[in-house]
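These are the structures, in structure tokens.
Below are two complexes that have chain A in common, paired first with chain B and then with chain C.
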Partner chain A sequence: MKKLMLLVLLLSTAVAFAQTPEEKGLEIAVEADKRDQGFADSSSKMTMTLKNANNDVSIRKMRSKTLEVQGDGDKGLTIFDQPADIKGTAFLSFTHVLDADDQWLYLPALKRVKRISSKNKSGPFMGSEFAFEDLSSREVEKYGYLYIKDEAVDGEDAFVIEVRPNYKYSGYTRSVVWISKEKYQPLKIVYYDRKNSLLKTMSVSGYKQYLGQYWRPDVMVMTNHQTKKETQLDFTDYKFKTGLSDRDFNKSSLKRAR
Partner chain B sequence: MFLRWVNRVMVCALLFGFGQAIAADWSGYGAVEYRGFTQSRLDNDQFDNGSMSLSFEPEFYHSRNGGDDSLTFVPFARWDEHDPQRSHVDIRELVWLHVAQDWELRVGIDKVFWGVTESQHLVDIINQTDLVENLDGEQKLGQTMVNVSLIKDWGVLDIFVLPGFRERTLPGKDGRFRSIPEIDDHTFYESSAKDKHVDYALRWSQTFDDWDVGISHFYGTSREPRIIPAVTPAGLRLVPYYDIINQTGLDIQATLDEWLWKFELIHRSGQGETFNAFTGGFEYTFVGVMDSAADFGVIAEYLYDDRGSNPAVAFDNDVFVGGRLAMNDAASSELLFGIISDVNDNTRFYNIEASRRFGDSWVLSLEGRFISAGSTGGPFSSIRQDDVIQLKLARHF
Partner chain C sequence: MNRLEGFFSEWVIKRRVIVILLSVIIVGVTGSGLRHLGFDDDYRAFFNEHNPELIAFNEIENTYTKSDNVFIVIAPKTGDVFAPKVLGLIEEMTQDAWQMPYSRRVDSLQNFQNTYAEEDDLIVEDLYEEANDLSTVDIKRIKEVAQTDPLLSKRMVSEDGRVTAINIVLEYPKLDSGKELKEVVAMTRQLIKDYEAKYPEVGFYVTGVSFLNTSFVEAGESDVMTLVPISFVLMLVFMYFLLKSPSAVFGVMMVIIFSDVVALGMAGHIGIQLSPASVPSTQMIMVLAVANSIHILVSFIFSMEHKMPQRKALSESIRLNLQPIFLTSVTTMIGFLGMNFSEVPPFNDLGNIVAMGVLASLCFSLTFLPALMSYLPVKVTYQEDADVEKLAKLSTFVIKNQNPILVIMVGIVLVSGYLTTLNRAEELFVKYFDETIEFRTDTDFATGTLGGLYQLVYSVPAEGKGGISEPEYLENLDKFAQWLKQLPETINVYVLTDTMRRLNKNMHGDDPAFYTLPESREMAAQYLLLYEMSLPYGLDLNNQVNVDKSATRVFVTMNEVSNVELLNYEVRIQSWLEANVPASMQTPGTGPLMMFAHIAEKNINGMLKGSILALFLISIILIFALRSLKIGIISLAPNLVPVVIGFGLWGLIYSEVNMALAIVVSMTLGIVVDDTVHFLSKYLRAKREKGYSTERAITYAYTHVGKALVVSSIVLTVGFLVLMMSPFALNSDMATLTTWIISIALFVDFLLLPVLLLKFDKDEK
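Up next, the complex of A and B:
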């Protein structure tokens, strides 16, 4: 009887410690989310360099602000500076964990604020190789996770996890993400399209730590394997905890965003 | 007295702005356009064939106090080869904005847009239409205003005091898209204060989850003139007559996944008999059509105005069906087209707009408008020969 008790105890302990790949994947995602909490608000400047298969280049410049929202997705405001014909155009989004996001676009020529459908997650952002969903806030519950293996990227140790979107209208069946073991931030993401064919690879580099906690990259390069187009996204002027509030993320502030 | 005060504030705002012009920020565009008319003129005074035109709209913006105070100045100028009335200058914006925690103040000349529908903008009333710019009525003249915006949990309340009325611009004797016979440039007003009448407006707007709602009221000089016969120094002529009106407006948009449901309603009194008008419909977007990056939106709206018997009302019982194609490419290529058809007679108004960017700063756009007027004497009768194709090349900076 005692022997049996011991066996049961041993077995149950073993079960408790043997994580499934799903559990380990989720654990990594939760840890990444936890380490990025508490930044309150952030802002940065972005330059997008679009390059087609013939190496023709075009430049986009924009500024973005993010407000951390506890218990829901973040709020974001993006202001476009270049090309000149869309200067002053601004984009406001309230992301939600599983509900559809709320999005408004401000068109300066007509002074018009338009509520737009957030169905277009898979569409290209500003004609680039980044889709809207690649740049929106990554809430843990928006995806399902599967730990695959450990593998280094350019000598940096990383977990490799498979991520499947839980939300409607994603352009991907799945993506494979290399998450730095040190920074808990993505070093590389490989995207597979709706037919599960290899679509894009994003390489992320130049991570710096801000406020002793938050890692942010300087460069993201998105390469589309199907069209041979490439977009490089450079970030500068990261700022955190600048005192932004809900007041900076509404339709009134969208109209005067400059 | 009040106007003088507004003027003083504007002069101060100007000095404040240009005194700080070192960190100034200029942007804007210059454009050349050609409008080709495919049919011959209806009236011998009008020009035939085509017309060249140049336009220029620079924008100056300067802010201080971390963006809490800012000055925006947007002058506009157009030169037209054939129609002297279309050659004009305007101040689109010259406005000082102050932003506080839960309110905003705008003083000066500004543009304001209200509404949600695509085929026409019933609720939008603050700014006068700069009709010589474009038949679609989307170009507006700057409006002098003091605007206080209260931004509260219960919504945004906008209060407007609007001194100084702007007459609608109308094409001249030589121009196309005009009334036949011509409308005289003597303007008549209901108010003895004429264009000095001070107008007021109020608007509350709020977002409830998927619903964006606005309720507005306007009291003052109607932006839309009635065209009436009157005795002028030149004899009996058609003239624009501006009534004092009260207009209540409601605009609602429901954003339900790929469906956008849009509705605008107005109730106007003081301009002939009291009337109601509404526009309502939907926009449905197909994302990534045919495995491409392009989006295609289908738009359908119904346009109603209960002054149905009045021939001056363009859209009394009409259906608009259109499409919007966005290529989502690096050149931002776009195509918008639509038809407004009258349910009662067979008047149809066809519209197509296309544009794309070349390089970083050039935008080429094409616009076509074609009218098939059912009966003579209808709202489009005077412009039934004015089918137009317009090509425009703009350089943005």
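Up next, the complex of A and C:
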């Protein structure tokens, strides 16, 4: 009888822990991806405020459009409005799950579209504390996941998972992401650089739900702990399902994008 | 005064228990500050917070990426950095360098962001990857880029392709800067050790700001570990030979320890951080404490030899020495406090620490020392002193030959005065370290092959945010860079316009005809946007361009240049800027090199004021203490002449004067004046109390203080001789000159002073 009890106990424990932290982490990432599917296309306006250790402020403005692609990474188009000397510059990117992303830039001063061949996505985006890889779409397959614990962020319950990039050219060894249990969107991300030292923290706030399903934030603040610089990204004018198609995301559409 | 002296001298012995207890308590309380005492591990410690060059430099550091770095020069013995094995090493080390704690950026030949065009594609990538798989064609391409692109050639790779470098830029959190620096240094040394084992056919040389900083700390620590104990033991051995009493040596030892503990403890309490330039304070206090104690002990032993009971002999010694020790300590303190006029904080600290130490040794040698000695067994055996006879003979000789001596001395002073003009200010911080220190030899190697620490930085402002993209700005910047490049001193100019030209060429299908500046502001801004989006982590443009793109930073690497050459170079640059670019673009050169170059002159001017003030105060004190204006004025000569001869000799032999020598004047004034005080007070006593003639009074002074002067000069000389062994030039040069001046002072007091007295203090007829 005692032996049977022990066996039951062991079995039930095994069942409870059947899901490894890796599996749970992946499950959360997949769920997040699933919940964000079906928005078709979206657009928004962005204002980027850069601040250095001396508190000097610098502002950049841009608009972005995203086209959801089934079975591969999304397509993105970013049009720069400010500062004036880069007004009209437009950036097109096709994110891919496994291959390197395709990127094109339209330079109005040159009146030409240039394809950028670079494996680098870890450099600062427009001199800000955001790297390009922090802003591009996060495809589930590009990372490894590890569930760590549950922890609330400002009273909001969240899963804490560790995310490790699978590609060589990332600027990070890992990041730790707090994903809201309610929204399945990140509330906070802490980045560790290539030598695994604390590098940056991104705080995401002002989530609103669109079309009764898709959560989008109003503000992202990226703080660099090593340089004490900070960048705030404000989003406005979110629009969804505006009828964009592949035709709006190709080389010739780049020139037209104003 | 006499009554006070009598009362005090008896009180010290009567209340000896209290005196000893009180001393120990004071030492304990002040000494507790020792735990706050540490080494300042930043070369910026040599500049005070009001220093305009430091302020300008810090401003630039806050605007762009910091310039704290570790610079590793890689020199394969085969003389070819483009050999596949060496290229592999560079790639491997670049990867490893990213693991350096606090690293923000790593630049090497391998991760140089090479840009080129392929039809309408812009390709941005590492100059090479997977070095093992490179073909000869690839290597040829790498070589060509490395030797033609101004962003690499003569910066990351030498012109002859024999050496290359990896530059690691660090951003220290500065939470525990000592620990952080040690981590980086330890990791770098381990890295080099591993690579030396793995690649025995390659030489590695390490320099950069972090290693400069650590060399300052290590130079200071090495002085503390070696020279301080040597000085200590030498002082005790010397005291034993002089006094032949173990008890007396023990007494002196306690005074030395107490004075040092009080001074350094106080330094800790008031928040002074040591630097290698202020470490000598420990030894100086030792030497000066010995000089004070000698007088007490010599008089005491003299009285004992003349059968006076021990305690009576001690009281008598205090009574006799109270005034001269007090007087000489005050003048010595004034000399050291004069260092507060130095522009260099470590010298302010040095002066203040020693002044506190002298004050402590004054108190301890007049109170604690005799109180302690009263408990210790002292045996003396009277011996006839043969030296007195020699001194009497010297006196006769000087009196007899006063005219030739005067002529010769005046001649020496005039020649020396001329020779002092050969001295020139020289402030090369690399040369602060002698060849026994690896940083010096490694930096010399780097400078000789690639250019290392000899770098000037110009932050060139543009008009308004984004203004660096204006064609006019870029043209002027380019003109500036081109002009700088053709100067004979220049090795490399690292400037944004070279990147701009390159990008313009890339955007036009790599057509060499477009290796020009972009023609419009929009174009330049859009190139930069494109380029920045393609750069990897850590290799961004912030080392060259500020955040709102309103200024760029130009780095000029130079050959080894002297202080004067550097300042001339800067003068030429400034006048060129004035004549050729708009006023908005004019900007001074900055960087550590510039800061040290500017401080030389400022420090000399400051110390000139300090020294004149010290001389003035000391002379006033002498006039009052000796109660004679005439004697006070005569005393100026033996105080100043040694300094003049010393600097003349320096001009003849070395001629390069660094910041440490500027403090020597004030310091030695305070020290050499002691000899004069002792000689003159004995001379005046003989004249006034005993009614002797000038000649007889001079002989009296010779025979009564001559030996004490020789002994104290020897103690001082020995103390500073030890300091001359320091591998740190600021200390060893200062010690060398001080040693000379102290020795010369003895001769001057023995030869010139009596002659001057004979000439100007004649007996009234």
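FYI, the second predicted complex is superposed on the first by the 240 of 258 C-alpha atoms of A that agree within 3 Å, B and C clash if a C-alpha of one lies under 4 Å from a C-alpha of the other, contacts with A are read in each partner's own complex, and residues count from 1 in each chain.
Everything below uses one rule, namely that a contact is a pair of C-beta atoms (placed from the backbone, for glycine too) under 8 Å apart; a residue touches a chain by one contact, two chains touch by 3 or more.
Because the structure is a prediction, the values reported are computed rather than measured.
**Q** Determine, for the superposed arrangement built on chain A, whether chain B and chain C clash or fit.
**A** In the arrangement built by aligning on chain A, the partners chain C and chain B clash.
**Q** One more residue to check, A:A53. First (chain B), second (chain C), both or neither?
**A** second
**Q** Please indicate which partner A:K149 is in contact with in the superposed arrangement: first for chain B, second for chain C, both, or neither.
**A** After superposing on A, A:K149 lies clear of both chain B and chain C.
**Q** State whether A:S252 touches chain B only (first), chain C only (second), both chains, or neither.
**A** first
**Q** What is the contact status of A:N120 with respect to chain B (first) and chain C (second): first, second, both, or neither?
**A** Touch status of A:N120: both partners.
**Q** In the overlaid three-chain picture, which partner chain does A:S197 touch, first (chain B) or second (chain C), both, or neither?
**A** Second partner only, chain C.
**Q** With the two structures laid over each other on chain A, which partner does A:A100 touch: chain B (first), chain C (second), both, or neither?
**A** First partner only, chain B.
**Q** Give one of first, second, both or neither to describe whether A:F91 is in contact with chain B, with chain C, with both, or with none.
**A** second
**Q** Touch check for A:K111: first (chain B), second (chain C), both, or neither?
**A** first
**Q** Tell me which stretch of chain B runs into chain C once the two are superposed: 7-15, 115-123, 151-159 or 169-177.
**A** That would be 115-123, the only stretch with clashing C-alpha atoms.
**Q** So chain A touches chain B in one structure and chain C in the other; where do those two contact lists coincide?
**A** Correct list for chain A: 50, 52, 58, 83-86, 110, 112-120, 122-124, 127, 169, 171.
**Q** Name, in rising order, each residue of chain B that touches chain A in their complex.
**A** Chain B residues touching chain A: 27, 29, 61, 63, 67, 70, 97, 99, 101-102, 104, 111-113, 116, 138, 149, 151, 156, 205, 207, 209-210, 212, 253, 255, 257-260, 285, 287-288, 293, 295, 328-332, 357, 359-361, 363, 394, 396-397.
**Q** Write out the stretch or stretches of chain C touching chain A in their complex.
**A** Interface residues on the chain C side: 62-63, 98-104, 118, 120-125, 171, 173, 465-466, 469, 507, 518, 520-527, 529-530, 532-542, 545, 547-549.
**Q** Under the stated contact criterion, what part of chain A meets chain C in this complex?
**A** 50, 52-54, 56, 58, 80, 83-86, 89, 91, 103, 105, 107-110, 112-120, 122-127, 131-132, 169, 171, 193-195, 197, 226-227, 229
**Q** For the complex, which residues does chain A have touching chain B?
**A** 50, 52, 58-59, 82-88, 100, 102, 110-120, 122-124, 127-128, 168-169, 171, 247, 250-252, 256, 258
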